[in-house]
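Pasting the structures here.
In what comes next, chain A is part of two complexes: it sits with chain B in the first one and with chain C in the second one.
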Partner chain A sequence: MTTRKKPVDVVLVGFGWTGAIMAMEMTEAGLNVVALERGDMQDTATAAIYPRVIDELAYSIRGKLFQDLSKETVTFRHRPDDVAVPYRQQGAILLGNGVGGAGFHWNGLTWRPLPSDLKLRSHYTERYGARFIPVDMTIADFPVAYADLEPFFTQFENVAGVSGKAGNIGGRIMAGGNRFEGPRSSEYPLPPLKNVYGDTVFAQAAEDSGYQPFSIPAANASQPYTNPYGVRMGPCNFCGFCEGYGCYMYAKASPQSTILPVLIMRPNFELRTRAHVTRVNLDASRRQATGVTYVDAQGTQVEQPARIVILTAFQLHNVRLLLLSGIGTPYDPATGHGVVGKNFAYQMLSSVNVALPASTEINPFIGSGAGGKSIDDFNGDNFDHGPVGFLGGSGIVHHRTGGRPIGQSAVPKGVPAWGSEWKRSVQQTYHRTLTIGTQGSVMSYRDAYLSLDPTYRDSFGQPLLRITFDWHDNDLKMCDFVTRKAEAIAQATKPTSYQTNPKKPGTRFDTRIYQSTHTTGGAIMGTTPANSVVNRYLQSWDVHNLFVTGASAFPQNFGYNPTGLVGALSYWAAKAIRSEYLRDPRPMVDA
Partner chain B sequence: MSRSKLERCLKTTLAFSLLWCAVTKADTLNGSIDKGRYLASAGDCVACHTAVRGKPFAGGLPLETPIGTIYSTNITPDPDTGIGAYTYEDFVKAVQGGVAKDGHALYPAMPYVSYARVTDDDMRSLYDYFTRGVPPVRQTNRKDDVAWPLNVRWPLHLWRLLFVRAPLKTRPTSTQANDKQLARGAYLVEGLGHCGACHTPRAITMQEKALSFSDGSSFLSGGALLGGWQAPSLQGDISDGLGNWSQQEVAQFLLTGRTARTDAFGSMEEVIYNSTQYLTADDASAIAQYLKAIPRTPSPGYAVPQTSARTSFDTLGNLRINSNGARVYVDNCMACHRSNGQGYSVAFPALAGNAALNGDTTEPIIRLVLAGSMSRGTRLTPASFYMPSFGWRLSNADVADVVNFIRQKPADTSFEATEETVAKIRSRLDTQTPK
Partner chain C sequence: MSIDKPGRRQFLQRAGALIPAAGSLHDAVPIIARAAEARQVSPRPYSPVFFDASEWRFVQRACSLLIPNDALGPGALEAGVPEFLDRQMETAYGHGGLWYSHGPFVTDGLPEMGYQYRFTPREIYRNGIRDGDNACRSTQGAPFADLPVAVAVAFLKSLESGKATGGTLPPRLFFEQLLKNTREGYFADPLYGGNQHMAGWKLLGFPGARADFADWIDHPNERYPVGPVSINGDRN
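Let's turn to the complex of A and B:
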């Protein structure tokens, strides 16, 4: 028995960052909006209560804010002819849940991709020739340029109160910023976070090595701030409990701390929590969405009719919902046909652990989510790829998030993980260890994709999403190259010792250790229905009143955290919906 | 013109006139209702006359008084259980005279003494709002929980005659009313705002000691402890009045509950949330101007010394923890209120130099430490800020120590918080029904 709700103008599936942005935009346009969130309400006063929130065991180790994998998870396999198995413990990816999604507890690193990152295939073709791009690499251009998105990057950064220093304003290179970045129209809304001592050490070593380090753009307010919606934020106090925790200082940008106080008051907005969407419903022609079906907290099946359906869940869930609803042709790696699920990509990381002289007092517990220093000389195509024979690059960063006892008091390799020797080692190294990290691009390939698992199902009986993914030579080669550059900087810190953690060629993707939740693709944006799932306005080619936001739109991933672009694309798509689609509801781009 | 044509002409003109009158009257009535709605919010009628999760103005909210628990009444226009049968004269008699339609005297918990100041014009609008703008709710008034003989009403008539002087509207305003804005401020503060109901001390016979500044120097000089909160002095004293508040800060506080240095809590947070956030910018400024014009009168009781306001906090900035109170502060309060006690502008209030910490009672501060506080968003400042509770992790001794620490440890120990005080307040909090 299905309960049928009164029709609304817009139904949003998932209520994290893109859901909150879309809700603000659509309610501002006067539409009736219902947001459906499978998880619970959570905000500072309920889920980030000081001092109880600074509990590493509960949040970082046992994942209190993360998705319950026993109810729903994903399956993983390396190659298309492997058998996928369920991901049963928190490891490589940490999926969010509840109001705000992972936006409630992320770190806050808020980058813009390089202009060339958005035109990847044509850029490499132009500079290095078409043959430079391996045949099995399915990278593509975004169908929107950096210049188109610039005002929307700015809009998102102003809403989130990003702290940083611009490196390029209107073409003018500014000292102290990232000289490689695309041109910005203005300075960041807040000045950069203060440097912790490790930042100073890294920056000095980078400068000594001939680079120009700059502050990482951080959605952790460096001072009290009121955003364009009139919402006040507090400043980051460097508590060292950021990623995985709600922020009790109201400093970390989240939908709760930047948007919800205003949105919740709008009479044309309704939020329903514990509403798990199982399917997007289509009419008989299958070219028009009629709404969605969800299961409420009592287990009742509910139908919510709507004029417009927007998938605003996390990247993986958006793709899964398209597959479960039979929207678009699923991608088949054998034939290369189909689009839903194709071009899945991730993030490539490595690090160098540095042990500084014994007298150093790093004070590692002084940490922020996104404060730190970076160099971009080996990111994107900021260097000549001709001699090195790979595509892509990485940022090299020092990013101190804290010195938490369980996860952030690492000892050198070879030291036991417990006991008196371990204790002695922690005492000797905790105060003087610094990590230099690299975060880089992962290209898309024919054999890395998303599909529905044939065997495993979630607690609602629906097939789990299957991730087929492994590291490819190109990206491992890139990582090796950049790690050696990071190593050189490590040497320039004049350490007593250092330990490099590279990804050697042949490394297989290991789901057991946490790496990153920057999964991308599967519902990519493109120029035609044959090569993509959504058009440049994130509108489905197949179902014109269906929009799909998030990093599922990325044709491949670049050497930065994805959220800045995710936010910008949401505002960009919202503007198009408001100015074009609402006047004349039809496909906005000719197929 | 033919006769029938003339008739038609006249009829049409009459019809139009009547229609025009009706429309204008409706417009006038709607305008009056809207004005009444604004005045009712300035008067904060909703705060007492609406029960928790109850229908607006239907009454039923318990009010703790020195004589027992009384329950607010239904002032929706329901004819049987509300004020639907009230004429305008009945309404005036009740709201400004303190006498209900059936002749019984109202408890002075209803601030009719202040509302007597309201002009006839405004009373008309309030009447229109309450009889035509508020949805009627059928809800019988709850019997008060007052023991005999205090529940006998007729002595209240005596009280009225003894202590309520002539309605203020016939008396001169308390400041030179040359300045229109100042006069408006006086009108709001002394009238609908009824600020004195909390902020003016009362005699043992429960009347406010002064209804305006010309009435006496105790006007707005600070109220008694009520429900665990104490309304501070609004006079110009630096240590515990508005002496070092700018006029702009006062207006900002009324509209948002926050300034760069402090944050509303307790009963005043509710007043801002229910009432003063809806003031126009002009009215908020007028109130601020009037309050700032009240001269300073040194008040008795403890005042945190301004000159050494930072002393306790200074040492923390240098990581010197010299007392248990300092240690408790570092482990619980410092994250938000900072080592120098300055807080963070608008987000978290300053403690160093904050006059809210002054006064001869420590109960409000102890309550905040034990139970925390929510500073709700207003229409101009939508973000809410939350102070968590610490009662669950601090002993009574630790609470007393940290309260004394942030109050700069008064030399006169009678102003100190003690373990026993904290224990008493903690047990009272545990037994209070949650909001």
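Let's turn to the complex of A and C:
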């Protein structure tokens, strides 16, 4: 039996960052908005209160805020001819659940991609020639330029209370900031977070190596702050319990700490939790969405009719819902035809663990989610790629998020994993190990994509999403190159020793160890229905009253955390919906 | 001596620690410090719910070897990690409730594809301990808990290296589960039964749930001066 709800103007599927932004914008336009969130209500007062939130076992280790894999997971395989198996335990990626989504448990690194990152294929073609791009690489330009998005990056940064130092305001290079960044219209809303001691050591070594390190843009408020919505944030106190946790200081930006307090008061907004959307409904023409169907907390199937449907779930879930709803042509890697699921990408990480001299005291537990120092000399196309023979790049960072004993204490390679020797080493290592990390781009490829799994199902009986992905030579080469640069900075700290954790040629993607939840693509934005799922306003080419937000729109991934662009694209699309689509509901770009 | 039943001596030490501390402020600090050391020799009493008597002995022995009691401080046994492990077995995690557990189970793939067995943590312990004790009995003539230290250590190393074979599940799988959970119990908040007297945190110099370092940012390269506190407010 299906219950039918009263029609609304807009239904949002998922209530994380993009759901909150869209809800704010659509209610402001006077529309009635219902947000459907499959998880529970959670906010600072219920899920992040001191001292109960300072519980590493419950949060980071058992994953209190993460997607319940027993009910729904993904399957992984390396290649299209492998059989995929389920991601049974938390490992490489940590998906969110509940109100705020991954935006409740994230770190808060809020970058903008480089202008050239947004026109990747044409940029590399112009500078290095079309033959520089390998034939199996399916990279594309974003159909929107940095200059188009600049006001919306600024808007998101102001809402999130980002702490940082501008490196380029209107083309003028600013001392202390990232001189490689695209021109900004204004300074960050808050000054950078203070340096922990490791930041100072890394920054000095980077300067001694000839670089100009700068503070990572962090959505962890460095001071008390009131955002443009009038929501107040507290200052980060470096508690060391950020990623995996809600913020008891109201300092980490999340939908809860920056938008929800104002949004929830609006009479034309309703947030419905424990509502798991199973499909988008279409009319007989299959060119128009009529709403969505979801299963509520009682297990009842509910139909929610709506004039506009916006998929505001996490990247993977948006793509899965398109596939489950039969919207668009699924991508076929054999022929290259079809678009839904195409261009799945990820990020490539490596690190160097530096043992500082024995007397050093880094107080490793003093950390913020996103504070730290970075250099951008080897990110994007900030250096000449001609001689190196690969595309892409990576930031090199020191970023100390805490010293949580289960997950953030370690011993050097070669030391036994248990016994008195382990005990001695873990004690000595804890106070003087500085990790220098790289986080780099992953290009898109013909054989890396998303599809429905033919075997494994979720607790509602629907097919799981299948991820077909492995590392490719281009990205392994990039990683090797930047890891050597990171190693040179490690040497400049004058360490007693250091260990490098590179990705060697032939390394296979490993689902077991946490790397990053920066998965992208699958519902990419582009210029035609033949090359993309959505147009430059995140509007479905097939169903014009359906919009798909989030990193699913990225045609490939770059060397920055994705949330800055995810936020900016949401505000950009919201503006187009408000100024154009509502007046004249039709495709905003002609196919 | 049974670990889960406190001796009379230990009881008197505990009781005695409180009286002079309350009676004389002047003497309080050294007496409390001495009492803390004494308390750390044994974990608090606990009767296991999941593990049976022979499993309990196995787990206690394994804890004493994986994180030993030595000059650096109490080990996993003294910090109550066996209690942590037993209590974890009664949680949703112990029952495998946090893992995707639908088949088919493809166990001959690449290790990079992650855990693909059907066993829950409870099953991993139950089978792993039985297999382990059977192996020790057949090669050494005694269960794991009764082996001399060097022999018991060698046995754990054979599980760790994957050299040990046979049994219901891969011995290495059991070992990795046991080591992972032992470390968790040693370092998690004392709320969960392990890390008693915050022994694991003291080893590292981790201040527990203090979680506010805004002031100490301005003391670079200088050790944070305050000891740990637990979620429940215990300071020692």
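Here is the rule we use: the second predicted complex is superposed on the first by the 591 of 591 C-alpha atoms of A that agree within 3 Å, B and C clash if a C-alpha of one lies under 4 Å from a C-alpha of the other, contacts with A are read in each partner's own complex, and residues count from 1 in each chain.
Assume contacts are C-beta pairs under 8 Å (C-beta built on N, C-alpha and C of every residue); 3 or more make two chains touch, one makes a residue touch a chain.
In this text the structure is predicted, and so the values were computed from the model without any measurement.
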Query raised in the report: Where does A:540 make contact in the superposed view: on chain B (first), on chain C (second), on both, or on neither?
Result: neither
Query raised in the report: Which partner does A:110 contact after superposing on A: first (chain B), second (chain C), both, neither?
Result: neither
Report task. Scan A:239 for contacts with chain B and chain C and give back first, second, both or neither. Result -> both
Report task. Please work out whether A:200 is in contact with chain B alone, chain C alone, both, or neither, and reply first, second, both or neither. Result -> second
Requested in this report: For A:50, select first, second, both or neither according to whether it touches chain B, chain C, the two together, or no partner.
Outcome: both
Query raised in the report: On chain A, which partner's contacts cover more residues, chain B's or chain C's?
Result: C
Query raised in the report: Looking at the overlay, what does A:215 touch: chain B (first), chain C (second), both, or neither?
Result: neither
Requested in this report: May I ask you to decide whether A:360 touches chain B, chain C, both, or neither, giving the answer as first, second, both or neither?
Outcome: second
Requested in this report: Report for A:231: first if it touches chain B alone, second if chain C alone, otherwise both or neither.
Outcome: first
Query raised in the report: Both chain B and chain C contact which residues of chain A?
Result: 50-52, 235, 237, 239, 248
Query raised in the report: Once bound in the complex, which stretches of chain B touch chain A?
Result: 331-332, 335-336, 344-348, 374, 377, 380-386, 388, 393
Query raised in the report: Okay, in this complex, where on chain C does chain A touch?
Result: 65-68, 70, 72, 75, 93, 96-102, 104, 106, 109-116, 153, 156, 160, 179, 182-184, 187-189, 191-192, 200-201, 203-209, 211-214, 216-218, 220-224, 231, 233
Query raised in the report: Given the complex with chain B, which residues does chain A contribute to the contact?
Result: 44-45, 49-52, 224, 229-235, 237, 239, 248-250, 257, 261-262, 265
Report task. Note which residues of chain A are touching chain C in the complex, please. Result -> 50-52, 54-57, 61-63, 68-70, 73, 76-78, 83, 85-91, 194-197, 200, 235-241, 248, 360-363, 365-366, 403-406, 409, 417-420, 422-424, 426-427, 430-431, 455-457, 508-512
